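For reference, the structure is listed below as structure tokens.
Labels run A, B, C, D and E following the written order; every chain starts at residue 1.
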């Protein structure tokens, strides 16, 4: 993904390989929300879209915002570049309250902030290339330079063939990629992404995520990212905030929030990631062993706190050689193995669960007995 | 999710529990594509959006369509209800070519087909309730009945509070849910979903998927579903087609296509699902063992063909008790365990891989040596 | 020269009558014509290119004739419709005949702005063409149509001055006869103030209504 | 009675001159006014509610005055601008003065249709207000504006008939003089055919251009 | 400068004027006719110096224009004088006109006054005394038959005959409209000289030789007279004779 470095800021040398990166020290705040509130009127009711939101986004991090549909994520993001003005409270960007700026200053400040919109917001009257080049045109760059940058971004998002096509002629994912390219073209210091990959296939999503990670690491771009794809958060974010009904209900490093979610909202959001019990297994569970062939079903949650990868030897030693992995697995988040294993084992292993917890270095509470199934 | 049965067709009794369901016999074709082609002109080039597409969608199945952005998925879906007319070839719905119908007949046929649009397409001049009720209004139902149905659907998609709000006042996910409710309100026999959950959080996505599964099972609604979320395909689809540059490059039961993808496009799409090597591991791999503490890294792919769940005993027996699960896991697709395990084990286990393959009942080719890592 | 307030009141009443009736007629038939124009073009909903060209040409013909001439040319038709060629009702006929194609062209612009995706949505749910007209084109274009009707109304108030030529009276006619032709600046200014008030009321009402009806943002 | 083809040619040329110049002036100033109207309302881009009300009122005033009166009231201004009160150029002034507020109201409708999300996009990329005007409002509304200009042009061809009051001639004036005042149906019909052709050409060209410029669907 | 501009209104007289222009040209005098379709602008244009002389108004109209517009104009020669009449398609005599009948008169100030005077002469109404042609509808003091008086534009009067019981009419328009202009129930005769059209100039041009020469050509040309006779028959008189 060095293409980006070339495309955007040729002078930057390549950063260290990604995996070598250490957890960064708590950095300086780039965005600070201070008691931010926002209320809307609609259909005769008032909706409190944001409520006493207070937290910081640090310079250089990739910050995720998740939450249920309608939780206020987009509204919060939009207060950062003041497309939405907070009804109460303050939003500081680099220590400054943008509400105090005049038009020219606000525009100048916004030039340092890129935004990818949930609904793309492409200009229908401009071709793909013209849409992407617009921020540069507005900034007054010469056309030759604009063309060069636009071309390399087109390549980066895989739309070389659609250069002179109008947005109405694009597929959903193609539109989204135009929106991404447009948000990147003016080398923002801060990038706001509102569901920037929702319309993209997994492969393209991966390449866009790699791109985001790249500009984050190499160009020190701070990224704020709303997404419904927990895998995306897991893969690229440093910290994540969980919004629920306009309030921040959880905030922390991704491995912590994902590994040991505290709020109900978080748990609900992560449910799918946590490998919910598949229907074919769930349907067969009974509370007492039905026969001699019955197996004990265990749910083992690895929260990554110990930092250890689950060793299978002790596991088999504790549960017996007939132990089968029915479902679940391990994901690595920020270098920590997290996940959930649904195991089937001999019913008598029931007595050795404390042992198992010790072996795997997890709290005993992380092991749950689901019941018994007949080994078909 | 019985709410739906009440909401939509009160007379239908509840079907069998989901997990009891058997693989259905190859059913009758509800939608048949016959050599379908479609070409667009844009920006001076011509784009072959569809090319010789020929396959059937069976009555009663949930059929997934996946493919890269711009592959032609939306175009294909739109030929089913003839929002797009195929440039060449035929699309038959219930054996009939809709192109031969007059206006009234086409409208009648479309009343049996629900559609959820990629871009929602909500009428800005109508409130949420009016948008949802529109198909019924068009069908001439009395207002009281419309209201009743709309209310139960509003509840189903969790938008009771937004009944009289106009779409411009909704968040992205709320809009999408209105689109979903609208597509369901007139009890279609065939439901076309174009990225119907892309803007939804995982929890809402789950409930919508459960809803789809429910109407599929209980009301025998055939569902055609485009999505970029492979997990969605895995969870609800019976069969899946993979489109690439307008052509169908792979088609089959989900467990087969996902378990043993044949086409490059499929593999690329599934890459993320297949638990690509996490960066922190990938960065540490070397080709030769560096020291005595080095571990062998194995990539074991379970394709579900054998139908067996991986037993951990034999695995440990083959690879040694120090074996650790670094990454990956098992997913159950249509009752079959599939997935990929990245294991770290003693270097000398290298000689016992054939044994391992036998034990796990997988082809030897499914086990790949990734290299060595130092056990930090 | 008129010394009574009555003159103004009568004139205002005549203008209101002429314009409101003509506007109503123009709104209905103009909108119908606009729908015809928008839906019968090649590739459109009803795709009758031939009809489209005929309707377009008829609209063009009526828009080509200067109003004062139209007034005269229509006299036999006017007599047929309202039984007389003089008076308020006689003015309504040419005002409407001029207003219909004018408003049709204006409404056409707003109707063309409607997002095709919405039309598809209604078609996909089994809507017939009339449903598309009724549930998509008209309601979605409504704010623009209301603004267009406002423009038409104001233009009609202007044209109604000329309709004074057929003895319909009205504010504009008074302005021309008393103010303009008799150089009576005082009367003219008074009448013009009346016209300005009328136009402002119409414009403001139209603006407010259009804003109310617009739920797009 | 004119027996020569010359009469028609001269008249057509006069109409073309009057209308094209007036249309150009109206397009420029009308569009500027429309932008003012659209952007200065409360809560809008430039939010100057006071200015907005003043501009709106001025537009209303000019739209309230019947064209024939405007023509005469403007005579001193006309002389100031073009140095004469008769002829084609003298007609251009009142035609423009009437055309500007008319077109402003029409363009206003199209400008108001522009999706707010697009304005936000340009603001978010650091666009200033003028960038929003230049890169969003104008280009996105352009198809509608072109259609609106077409309507204005055709209306202006109609009004130019009255420009005979200042001896400017033109097709419409010939129609009035010969047809209306001299009851010469033959000349009138010939002239009307010319007008129909002119209007049809303008309308067709406007339609084609608007369609070309519309990349929305 | 060589040549003059003459402002005229569009009337059927235009042909006779064009003939005069041709004759003047033959004699080396360039005359340009500027045709106005309105009765206000020719005076404004004259005041502004855009034309040198106009020929479309009679004395009452001129007096009114001078007073209201502040013009310093002088009528230097008379032109034609037209009869006007009261016409009806429905009735043969004034006595037949029903109570509440509709009567159309000209909408412009001066001709409207002339029409009212004619109605008074016919015994249908009574006007405030002493106003003469300045009378308006408001000055009607007695209207025993409760006639509804409708004001129309001059050329429109001829087109309204089918819809009214009685209309003031200009013979020239009636003739052009295909009616017989001689069938008036009552004429306002040619003796009323103040209704003769006037050649009007700015005060400083009273002695302008070119203007005078053109007027002379017009007044003396046989072809001009022939043309006028053809259009107006007996319903006009040359007031300069």
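Everything that follows uses one rule, which is that contacts are C-beta pairs under 8 Å (C-beta built on N, C-alpha and C of every residue); 3 or more make two chains touch, one makes a residue touch a chain.
Here's who's who by UniProt: A, B = Cell division ATP-binding protein FtsE; C, D = D-methionine transport system permease protein.
In this text, all values refer to a predicted model and were calculated from it rather than measured experimentally.
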Mutual neighbours - chains that touch chain A and chain C alike: B, D
Would you indicate which pair of chains has the most C-beta pairs in contact? A-B
Rounded to the nearest whole Å, what is the centre-to-centre distance of chain C and chain D, using the mean of the C-alpha atoms as each centre? 17
For the pair chain A and chain D, the C-alpha centroid-to-centroid distance in angstrom is 53
Euclidean distance of C-alpha centroids - chain A vs chain B, Å: 21
Counting in whole Å, what is the centre-to-centre distance of chain C and chain E, each centre being its mean C-alpha position? 36
Show the residues in chain D shared as contacts by 2 or more other chains, in ascending order. 68, 72, 115, 162, 176, 180, 216-217
Where chain B touches two or more other chains simultaneously, the residues are 119, 166
Among all residues of chain E, those touching at least two other chains are 40
Set of all touching chain pairs, with the criterion as stated earlier: A-B, A-D, B-C, C-D, C-E, D-E
State the interface residues of chain B toward chain A in the complex, per the touch definition above. 17-20, 40, 42-45, 66-71, 73-74, 118-119, 127, 161-166, 169-174, 176-177, 195, 198-206, 228-231, 268-273, 275-276, 278-284, 309-317, 319-332, 334-335, 337, 339, 341, 343-344
Where on chain E does chain C make contact in their complex? 39-40, 64-65, 67-69, 102, 104, 107-109, 136, 138, 150-153, 156, 159-160, 162-164
Residues of chain C that touch chain E when the two form their complex: 1-4, 72, 75, 79, 84-87, 90, 164-167, 173, 177, 180-185
Show which residues of chain A lie in contact with chain D when the two form their complex. 81, 83, 103-104, 107-115, 117, 119, 121-126, 134-135, 137-139, 166-168, 182-183, 186
Going by the contact rule at the top, pick out the chain E residues touching chain D in the complex. 7, 10-12, 15, 34-38, 40-41, 44-45, 48, 50-51, 155, 158, 173, 176-178
